[in-house]
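The following pair of complexes shares a single chain, subunit A, combined with subunit B in the former and subunit C in the latter.
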Partner chain A sequence: MALFAVFQTTFLLALLPLRTYKSEVLSEPLPLTPESLKVSVNSTRQRLHLQWTVHSLAYHQELKMVFQIQISRFKTSNVIWVENYRTTVKRNRVLHWSWESKLPLECAAHFIRMRSMVDDARIPKPGFWSNWSSWEEADAQNSLGHDPLFVFPKDKLVEEGSNVTICYVSRIHQDNISCYLEGVQIYGERLDRSVSAFELKNVSFIRKKGTNVFCKVDQGGALGGIVLFVSKVLEEPKDFSCETQDLKTLTCTWDPGSDTGLSKQPSQSYTLFESFSGKKTLCKHRNWCNWQVAQDSQETYNFTLVAENYLRKRSVSILFNLTQRVHPMTPYNLFPKNVRATNATMTWKVHSIGNNSTLLCRLELLAEGKVIQQHNVSIKVNAPSEAPDVWRNMKMVSGHPTVSLFWKPLSKVHANGKILFYNVIVENLDKPSRLEVLSIPAPARSTELTLDQCSYQIHVTAHNNVGPSPASVIVISGDPGNEEVESGRVNGTEDGFSVSWKPQSGDATGYVVEWCDGPQDLPCVLQWKNLGPNTTSTVISSGAFRPGVRYNFRIYEISAKRMAHLLEKKAGYLEELAPSDNPQVVMSNLTSHSFTLSWKDYSTESQPGFIQGYHVYLKPKAGEQCPPAFEKTVLPEDSVCCKHTIDNPEQKTFVVENLQPESIYEFFVTPYTSVGEGPLDAFTKITTPDEYSHILIRIILPMIFCVLIVMIICYLKRQWLKEKCYPDIPDPYKSSVLSLIKSKENPHLTIMNVNDCVPDAIEVINKPEGSKIQFLGTRKSLTETEFTKPACIYLLPTEKNYSGPGPCICFENFTYNQAASDFASCGHFPVTPQAPPHQLGPLTSPENLLKALEQNYMNSLGEIPAGEANLNYVSQLASPTSGDKDSLPTNPPEPALCSEYKMQMAIPLGLASAPPSENSSLSSATLLGQGEHYR
Partner chain B sequence: MLPAAGEPAAGDSWGMLACLCAVLWHLPAVPALNRTGDPGPGPSIQKTYDLTRYLEHQLRSLAGTYLNYLGPPFNEPDFNPPRLGAETLPRATVNLEVWRSLNDRLRLTQNYEAYSHLLCYLRGLNRQAATAELRRSLAHFCTSLQGLLGSIAGVMAALGYPLPQPLPGTEPTWTPGPAHSDFLQKMDDFWLLKELQTWLWRSAKDFNRLKKKMQPPAAAVTLHLEAHGF
Partner chain C sequence: MRAQRMRRTPLSVILGLLFLSMAATSKCLGKYHELLLQLQRQADLMQDTSTLLDPYIRIQGLDTPGLKEHCRECPGAFPSEDALRGLSRQGFLRTLNATLGLVLHRLTALYQDLPEAQQLVGLNIRGFRSNIHCMTLLLRSSSEAETPEPTQPGPGPTPPPTPPSDAFQHKLKSCRFLRGYHCFMHSVGQVLREWGESRSRSRSRRHSPRRAPGDTAPSGPCRGGARRMWPFRRDRRLMPRGHLPR
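On to the complex of A and B.
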């Protein structure tokens, strides 16, 4: 009994955990009913979405369950779909399920309910269904308007070959509604009082704008329709392959098949995906795509081409080795060269395919259309094999360190084809910054970089069409460093300059010797020579080296950090020459015993040899000894002179002492090198001054001063001096006597003007009578006859250039007719001998005047006794009177100023005193001719 | 042209001469005879009329192509759907009495406004067209329609009528809302072409009527002369 009791207790204890478990999971009554069931409609996709939860589960408990879902259409009793949905349920987790309806959801109301059952293996006892949830209605019809007829689904996108169910909802009687597919009537199934459905099987693509389905009420005019977009089925890309021509770009091509584009759906897109690199690219074209080959030498590629549209995704993959997909480009520039009778050389060019690739070229020889020979030629195409030899020159340009980079072109052996460009990459070592990359097209051999005070690492690579060369690296320190280094000389030989140096630090990775090929030319053509770390000497040779040119060599040590430090400077001549020119010597401080010579502008650097010193030549006065510092020497021209040698090239002044005063010296300075001295130029003369000349100056200066004082005094007292030395001459016009006379006697009293005194001439003419008769009888013009005496005595100017009206004195004979005498008084025209005759001819009215004169003259002839000698008096004093100025309108010359003497004396004038005959208005040419006689 | 004055009296000969002078003086003022002055809106109305007829012809070909592009039933000759949607399109159909009672200004204004809207819709149609050929045809037609619009504006200006100013923000657009299905869109396209055709037909009538109205009868010139001469 006790045993039984123990067994029972044990059994009960064993059952207890199970009971406990059962009570946890399936406590009675079972509460695992779906709750919070919600149904939503996606009309476009024609799907019903369900979501619910199971609240009754214990916390953290997971259980496999099965949910049975029922869907009814139109009414709950019309179940059209039952499905068991199995899933793992967790407390409070929202569960989802969706269902696609063939019938557009707008055409019918749908009702959904579900129940659940535990379907977990941990529960041995078969489960049982929970109670059904309540029906949930999904009705898309509520959103419809009030139109009489609706057709669904709207704007559906399907693939070709699909089955599509179309329905309409009418709010009117259905019997007279007919539906059409592309104008062809279709017949369907009536689902409800107001709903009919049409199943279109295996729909086909008609047009991009879609397939039209419409229904209309036969008499009512109501119309509804849809556009069904039938897309062609997206095909898998065919013939997908990739190849490259240059190992840089892969070109993948494929056959895309039919275009699935519609006005509702764009054409399918293509994406290229590479699985090893994980990169992808969206292709811009329908049937090909480019893929940039990475530089990281990826060899194997696994490409997947994905074609995609709204409805479908298709993909195709290929795996290949890049080198197996190379399709070389066609060789070009194929030319025969050196064609001979039996052989010819063929040349051609190939497009390179990456680095270190070998191309096999097949050459075929054709004759009469048939290949008669074939040759296979292997061509290796590489990137440049060696880094360019790079050197730099640093200078400061407006406060910024500027680096000129130079590089030498690669040899043909190393270039492996034409160098296209050089890449210069500048990397700042002091602070992180973006790399600056410069691409300099060949054949440039230098470039200039403006940097700041930081340190920079510069990589230079040469590129041919295959790729870049190894990089040449130099480091430039922002700090120019101590440039003061030991300077030395180097001797030039026929082979060049033998330069040697002392290594400074042990970690030098190399040395660079730099120089300029033409140091006198600007800019300097920088040359350099790279040398290994164990080298301490080298011979620098260049075809550009010339004798007599100073070459400066700078030796740099390249540190392990690729930085260059100046080690030594050397200067040398391939061959030293004598100086080509002499310094410009300036003489100063000349005294009677010494003078100073200086030639400070003379540059010893730019001479054709190392200047060792200077020779000062001095030619003293004949017979004089050389000054103490000089020694006697014989010049090449055999003249003897004194010579002093300065053996310091930097001493550029010299004082010549111990000279004689008042002596002529000649000097000349010339530099000398190890080869010789400069050209023998002309000596410069100099005279030493007198020893006492300074005393003379002390006397002369005061004398000059005294003279100046006297001159100033004279100037100040000039009035007094004038009165004393040259007083003014009294002027008769201003005389007080004049006023006294005027007031008492003749008011017309004039004073003879001294200035009018013209030296007169007096001429006594013995005129024969016969000539007068002849004159009268023949009446020839005065020019043709002998000169007849004028009635007036002319006061003729003695000066030839006298141009003004000549004064005259008329001795009037009162036996003359007054009228005629008026004419005669000033009828003549005193003219200068030079005056042209025609100027006077037309000035008077010759006819009238002639007649009057002739008449008077004839009268006078009868009265005056003939045969008397005539005297013409030419007065020395002719006073200017204005009385006759207007007697004749002669202009020019103006009427002569005349003095009339009336009744001075009774002089029997006869012919001589007659007025100037009938030709008183004769041309002045006549008078001029006569005038010459007067003189 | 001059009215018969019967047998003139002797004293009337001066009066007749004066009349003749007066007639000659006023002759340049007769619009119908004034060949050197402004020709008036007559020629531009004629040109606009001609343009509408040309566009009618052009649209027949374009509509055929476009409706084929839409597919059946839109390209069926007897397809006459109710005017679903397309409410914003200007209606060309009008009651005959109303049409007759329209004055010139209103007639021209309605034409101008209708074509402004139709042109805008047509350009929207062009943007949506899928084929290049169709786009080219539509663009060509749009250019012609723009010309018609300019021509109508010219007639209105010649007659001294101001152009209707579009209200700001009421620029018609051809962007269907999301609820606008593709079928309704096709219906709109159909109605656009149909209304355009009707409008061109109506415009031809409008301008024909206007043209006749603007031609003054010859009798009016006679009356005019009488009034001035005597």
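On to the complex of A and C.
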């Protein structure tokens, strides 16, 4: 390193003479001559600013140089200032220098030049000056206007006692220009033909609006002037001191001295700077300032008060210990208390001074204007010494976990004065977020927070006028979960409830027993008790506990993460009572031997004791024994009844069995606790029904139901039934008539087959439709209609004693019926017009109808000529009950016995013409012959 | 002098507040003479240099020989008395209102120099403008058929923008402005007084600039008074028709 320095120095020494010599020889400018010299004027500050560079230096070369600067005024030869400016020069680095002119720059042109010389220790002296730079002119007069007279400097701000040079520039070049300072003429020096200067020494403050200096031409009236703002000298702040009354705020005061404010300059400002903390504050007042004491227990403070205006700064410092600058506030609320003849108690209040501070109070007793007693009292003032006891209750409101925070007021011992407010700080543990701080004024004891599904840590502190208490911290899980635990019972004693539990985890930091201090039907006044981690039992006592009220206790385990988990539930009574009311019993399923009692709405939770079961009382009828499940007991009113005990409180139904039918019973249900049973209410009376009535009901009802079903089926299948049972064209083989005749009369009787018949030619002659339509379309009785068209032959039973209508076969052949009416053909029973209606009788009765038929039939046979009737076709007539439209409108009582024959049968004339006899005239044998035609 | 100022200050405060309240309630005196008398008294009050100019000169230190005489009114800054006299009544009131509006604006800039006086004079000007408004309404209701007049010239042309003046120039300019304001209010008072005298004079003499004998108007703050820089009309009606005094 040293070798390198020696080498560099040698090189420079060798280089510089060489360059100098070269420049002299070659008449070139000195390589280190200042270049690019520029001059500017700052009229406000009356300063000339110069800047230049030295280009000839090698890269990274630094040299200490001296620049000689010459300033001339008015002309270059009038040098008024020469100054050597020393600085370190680098290549292409712009150098600056400024000069303040006493004479306002607007009053004279100035010329500046400079030269340089290396002034570096590495180069042996003597050095060589470079050539002068060319003159640079700074002329502020060029910017003046066209007024005849100018006075400078404009609006100059100086301190009181300063010397100020003013000048005027006259464009009229007259000699009769006079200048005045506040109306007093001043005399100066003529610097030029048009410029004069005046030196004002030791200027004094006259007014805030400035000192007026003006010049005027005596005759012309031209006026020029300036306002010189003379400020009072800024004084150093006096009596700077700081003190505190509460160890929270320091109040610093000082004497500011003169106000240096002017129109041109505001009053001085004051800044308080503390060196240890590095903080500073701009004071709003000119003689005092407040400083907030840091919470980090800074004891020593080093304050510097800086006063500042446009012209100067003044500062003053003090160093002190905070505790030594305490100025207690005056005690207040001084009152005598318990004044007696010889003594009295005095009470008063003091303003606290920070935490853990002790105040010494002196109490003086005066009598007749003289102090006769003095007492010194030491008072310790602290922040609350204990964290508030905080517990929470969680519930879901509109899907959001809502936490109700409760805290107990601190005891006087721990509160250390009046608690002003509680701070609740909510911190999200799952994601970083801003702390939410709630300030809840005392004496509030709870607040409600709506959280989300995250976990939160909640800090609660109590604040008095000194400061906060230690924080009580609990952690709330966003998911409350369904902590289902088994419920147990706890016994109440005179001292309270003795609650015990079994620890679950080994890392419990404590336990909390929670309960409500009122009955269940009242709003819960949440109470809790904090217990240590090694505690497994406690006695919960409260003046609010009442006998007969059920209290539910929840035991929580507090984990190391300050999260509470439900451990156990317990319920108990301070003192159990007998039930105060009985259940509302509903009776059902009443039979002749039993009925059912139920009281499911009865709540066992809200009873004044643990319900152990129920007593069912039953009063049987006199002389009857108790049912088997009952035992005989005597009621308080000495009446005897039966009692059954249900020892399961959850069994709320009971079936009373083994009763007698048609008997009156009275029953009554009451719960019972360990103390006793419920009040004896009125018995409810019931009567058991008949023993068989229910059996009948059991039979008849299904039968009715079955009949209804059959009827419905028959109705739905009526067409099928008709086909099967009574078709419009019955199958002779299936006819009951056949079987009837067969069984009764002639077992050889057969039915004629149509194929066996030889049809004859049939002539259809003019059948009057009207009579048929009339007969078919109306439902008039036969007495009103022409009774000549249909004819029925009733199949009468042969029994003589038979009196009712028998089966009949109706024959009808409308064609031949018509002919019969005309030609008295066979098988028709024309009603003679002469036949009186009473002979016909009402055809609605079977007797009349049968009679009429017999008579007509006999008549018709008698009227048929023997020679003309060889074969007679008889058409079948629908039975009036068949539903046919051609049926008779009457309703014979035995319509089912009538059968219709649509098939026509040939009747031998011999048979037909045979004279009717008493026995055979209407018998089927007569109609069908000896079986020749029946197959 | 000081005692006189002390007496005038409360009076001007009361008057200012009175006029302000009138303006606030927008109730105008319906009687021409009372309103005219109020305007005259207000003009007399506002031409008093002790309310504005004198304090300003004293505070700024301009009350020294050699400077005081340079605090003259700038010609053309305010309408001259002749110019005001040449206006019709409606035109006069409009010009007066516009000029005082500009004065108010300028006074606001002088607040740093004359905080108390500026506030007081501001109240006076607002009260005066309120009465101008009422007089305008009164004249308009009494002479609906009066032909509309062309817009009256404002208080002189706006000066061309100049480089920021130094404190000395500012002092002189403000002093000249305040003197011009007082002179202007003196001229206004003169014209208003002629309105009151118009009944007793012949119509031909109504426009005479000569003061009536026995005129007790306060002496004006203006010296010379040969300020004829303002244009004026001679073909106008000074007395509106209607229920004005005859």
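To be clear about the criterion, the second predicted complex is superposed on the first by the 647 of 935 C-alpha atoms of A that agree within 3 Å, B and C clash if a C-alpha of one lies under 4 Å from a C-alpha of the other, contacts with A are read in each partner's own complex, and residues count from 1 in each chain.
In this text, contacts are C-beta pairs under 8 Å (C-beta built on N, C-alpha and C of every residue); 3 or more make two chains touch, one makes a residue touch a chain.
Since this is a predicted model, take the numbers as computed values, not measurements.
Partners subunit B and subunit C, once the complexes are superposed on subunit A, run into each other and clash. Touch criterion not met for A:I558: it reaches neither subunit B nor subunit C. Contact with neither subunit B nor subunit C is seen for A:V381 once the two complexes are overlaid on the shared chain.
Legend: residue contacts after superposition of the two complexes on their common chain; A:I646 is shown touching neither subunit B nor subunit C. Of the two partner chains, subunit B is the only one that A:A222 touches; subunit C does not reach it. According to the touch criterion, the shared surface of subunit A, contacted by subunit B in one complex and subunit C in the other, consists of residues 151, 154-155, 180, 182-183, 206-207, 209-212, 214, 216, 223, 225-227, 229, 263-264. For subunit A in complex with subunit B, the residues that touch the partner chain are 147, 151, 154-155, 180, 182-183, 206-212, 214, 216, 221-227, 229, 263-264. On the subunit B side of its complex with subunit A, the touching residues are 69-74, 76, 81-82, 84, 128, 130, 181-183, 186-187. The touching residues of subunit A, counted against subunit C in their complex, run 151, 154-155, 180, 182-183, 206-207, 209-212, 214, 216, 223, 225-227, 229, 263-264.
Here subunit C touches subunit A in the complex through residues 59-62, 64-67, 70, 112-113, 166-168, 171-172, going by the rule given at the top.
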